[in-house]
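First chain A sits with chain B, and in the next complex the same chain sits with chain C.
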Partner chain A sequence: MTENENGDDLTLDQVLAIRRGAAGPVVNVDEPLVKLVVFVLNGDWFAFHGDRVKEVLSDCPVYFLPGCPPSLEGVINVRGDIESVLSLRSVLRYPPAAPAAGSRVLLGQGADLRSGLRVDSVEEVMDVPQSLIQAPPHTIPDHLRPLVLGIVAFHGHMVTLLDMDRLLADYRAGAL
Partner chain B sequence: MALDVKRFVARFVEEARDHLRRLEEGLAQLAVAGVSDAEAVNALFRSAHTVKGSSRMLKLVAITDTAHKVEDVLGALRDGSLAPSPELCRLLQRGVDAMAAQVDQVAETGTPSDPDPQLLAALAQAVSGEAAASPPPPQSAAASTDASPAEVKLKTAETVRVQLSKLDELIKLMGEVVSSHARLRQRLVDLRGFERAGDSLGGRLQGFARDLRDDVFTQELLMDELHKKALIMRMLPLSIVFEPAARMIRDLGRSLGKDVQCVTAGADIELDRQLIDRLSDPIVHLLRNGVDHGLEPQAARQAAGKPGHGTLRLSARQDGGFVVVEVADDGGGLPVDFIRDKAIKKGLLTAEQAAAMTETEIIDLIFLPGFSTSSIITDVSGRGVGMDVVKRVVVDELQGSIAVESRPGQGTTFLLRLPLSLAVMRVLLVQAGGQSFGFTAQYVAHLLDVPPERVITVAERKAVIIDNEFVPVVPLAELVGLNAAPPKRAGCLLVVIKVRNEKLALMVDQLLDERDMVIKPLPEHLRGLPLVSGMVMTGRNDLVSVLQASTLLDAARRQRGVAGPSEAVSGARVRVLVVDDSLNTREIEKDVLEAHGYQVTLAEDGLDGLAKARSSEFDAVLTDVEMPNMDGFTLTAALRKEEAYAHVPIIIITSREKEEDKRRGIQVGADAYIVKGDFDQSNLVDTLKSLLG
Partner chain C sequence: MHAPDDGARLNVVRFSAAGHTFAVEARRVRAMHLSPQPQSHRIEDLLRLSAPAGSRRWLTLDLGQGRCVCLEVAEPVTLDQVAAGDVRLLPPLVAARTTLPALAAMVVERDGQGLLLLDGVRLFSPPPG
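Our next item is the complex of A and B:
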């Protein structure tokens, strides 16, 4: 054991086993899991906490709302309730794009505001151990920094975990 | 009238808790952020103001005192004489907590404990700007704030108490049933299409369509009945608002040393509770204004030959699907000159603009935010949280309208016209710029299909003449930020909307439907959107914006302002008096003339015109013929008798085309007679130029 920890006298198999352990998640069954909704925006990968996404809607017609700010696509009808639809591209300063086939609306619930959020596609809804979420790197653009809770690796992509409460609160305050 | 206070105390407790919760949240944010967002502070101020007012209404003086002191501090924050600080927020929070404890005591025992004198002193000290020496928090006020709502003992057993949220859910569900029924009806339309298309299925389809039609019809009857019943469950009599308001006003009169009588009528008319709840503040405010500003002191009243005691009349009557609530006083009427001077002093308009405004327009200034005519701040009114809030609540929140009638020496009457319920309204659906839009029926004055030549161009903008009045024409698509589609039809389809006495003709592509519809509110964060008051769902399950008529009028006016040519077109500032009882016509003539460098003053009828002509000098007078109080012929004749106007050009502009009218116009001394139908700007300006030489 001692030899192994010092790196001496290891077989190739042993080395590989250690490498795998470091690279792939070894899930401790007792570790708290968080649910993430992973989506793509202009080729970049993002996620929201699952408890902040009430629903993922596809194929819902968006209706024109005169006089609304440009970042607002319009409104949708969710079983009798009217909900707004924000273009997340516009809010996060990506170039606008025509809605594609895989496009979805996430029904986001912030502290005091609920709104739909238009994303390019939803990739996965998954549970990850809390410990895999790392602190945001320093390379995050300034305008995103206040919104980022952390980053997590997924299928070879770096997924940026966004703060729904902050995003909707900032949007409402006119900061985005 | 005997007053059952218990009924109102429960309502007060509920309302006060709501406002105190908002205060608490707002203060928490203020303490964290440390920056003063003007609108947030304003909202806090209004909450404190409401608690003050409603507690006074029920003689809960202990709460009124605390609320007043808190309001004072928030007032100082609002006008910037105090800066927010954590200490100040804590102090305000203590005030709010004290009120919450008092409200809880009211809920339990009916009477609040006396306010904490230390707290009141600390709040008063804070207003004066001195750092409050933080006194120890009182040990009392231990009553829990989350106590269950007070039980109200209703007198009769014929009532069932239903939690309001449950009832709201039921009504919302009914709305869904109505919408789903509309879809069903659409299926029927679709089916008829199939029927026409295919002969093979003919017979069977026909039978099916007939059955479906019967089903839809039966369901419609049932559903309407159910919807009505559900709505009626939420209806409450106006006496809930009227009775305590009347009593409060009598007390208020006594405290101001004015002998006031308050009579109510029509208090048994029932309105949806949604309206009743929000109607209390505006009515109390109007009544207070009546006592505070409207009624003259006793001596002045007696000198004017009126009874010494003033009378406020609070009445309601039904008018079609609407209720008209009148708040009237028999005081001196609105002080028009005072309002004008004050508006100038406050920088709301220039002296020149003010001089060009008519009396009605001056009176409308009282609805501007921050306009309060009381020169001293009293406990009663004059705070500037006033008529603007009244207007906002009545027009924006309650889908109603407000009008003022003021007669010098006889009194002021405010007329609030309100729908009976906000849940279902008559909606007209139209199409413009490729999108559908709705209008609630109370704002639609006319639907016109006119040949294009009836749309005339005046001062580079379009107008149409309706009932002897110029009404501006604007494509609806343009006002809502869409591209106006090229017209597909020969005629112009116009929806004429009317708010108070101003009209606007909106060019639309198509009329789609007119029906009673369930108006759904926008998500809360979008309620501030000025153009949209709510949405309706069509038979195809599409959402359609219901447009706010007053905002469209504002937008059209702004568009004109931007498009209008600059003032400095010509150096000669010839002064012209325009007399016409139609607001739109006056505005259009004013635009035409100002575009050509004339300086324009407006008057709204012959009497007003004559008074303005006498009090100032004009180089020319333009007048309509048919006007209230004094017609244009009489005005012309009267002006000719004045030395100053014996030779000033007078032009009559009217829709009366008869030769005898023209002759009469010339007989009384007019220099020119222009028929509105032939009206175009060059005609008017050329005539004026040639007359002025």
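Our next item is the complex of A and C:
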């Protein structure tokens, strides 16, 4: 395209406006960025704040503990520290599935608690401007609503941002 | 008092229950019997685990204050030592959600297997509430 609607040649401003439009929303570079760890559960995309994920672990054997709820897979040995592992699928009421090759354990921390959280896969660790995180929509299922901080668009997916502090505290209290 | 990593060791009596390896402090175990004892308590019943299988042994536990009880467990039963530095507190979510109220700590052993340490007194305490 080299002409505008009137048949005139494009100005630089018009070209730049087109380029900006193609690049998506204009981002204020001074705006605070939020680091997110984006992961997938049963085809749905979720994220935790990066400062709540201490580590992403792969290929760690889980030691099953008797007397625990099904959502608590067991414990893992992380360089000598014993950490619990929750199945986030189970906690968020998705159907169970055997851990796949791409599954990962997020070592999460919040509310003075720490635990591993098994997810189907980790897609990205990214920085997003705070303003791109929108309020949770009303369509979120009731059981998820207390855990959701907001949503953010990423690679054509709507990513649900979860509250690690609330999740761990509610799990300890038996509310999940 | 020893620091956990100064070579101090904990004497324990290991036994099996429902396919898992448990242990109680050896200082609580006064005797082991090869035949059934009157008024014994099956470990699987106390822990609400699956039905017992295999050879059985009976441990007389001293709970203090003159109270002794008999605990029926599965073989193998062995006297052992674990390094104090290998004893780990339960992760808080496990401690909060486990249905084994007497589960006090665990040891991840060199072979990657877990040894579940039980508090002998809590094993025979009525559940809270």
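One rule holds for everything that comes next: the second predicted complex is superposed on the first by the 152 of 176 C-alpha atoms of A that agree within 3 Å, B and C clash if a C-alpha of one lies under 4 Å from a C-alpha of the other, contacts with A are read in each partner's own complex, and residues count from 1 in each chain.
Definition applied: a residue touches a chain if its C-beta (ideal position, glycine included) is under 8 Å from a C-beta of that chain, and two chains touch if they have at least 3 such contacts.
Computed from a predicted structure; not experimentally measured.
With chain A as the common reference, chain B cannot sit beside chain C without a clash. Contacts of A:114 after superposition: both chain B and chain C are touched. When the shared chain is aligned, chain C comes close enough to touch A:86, but chain B does not. Of the two partner chains, neither chain B nor chain C is touched by A:40.
With both structures placed on the common chain, the touch criterion links A:67 to chain B and to chain C. In the superposed model, A:57 makes contact with neither chain B nor chain C. By the document's definition of touching, of the two partners only chain C reaches A:174; chain B does not. Here chain B runs into chain C after the superposition, and of 578-586, 632-640 or 668-676 the stretch doing so is 578-586. In the superposition on chain A, chain A positions 61, 63, 65-68, 72, 75, 77, 81-84, 113-115, 172 are in contact with chain B in one complex as well as with chain C in the other.
Taken in their complex, chain C has these residues touching chain A: 18, 20, 47-49, 88-94, 96-100, 103, 106, 108, 112-114, 116.
Across the complex, chain A meets chain C through its residues 61, 63, 65-69, 72, 75, 77, 81-84, 86, 113-115, 168, 171-174. Of all residues in chain A, those touching chain B in their complex are 61, 63-68, 72, 75-77, 80-84, 113-115, 172.
Of all residues in chain B, only 172, 175-176, 179, 435, 437, 480-482, 520-526, 529-532, 535, 537, 541-545, 547, 551 touch chain A in the complex they form.
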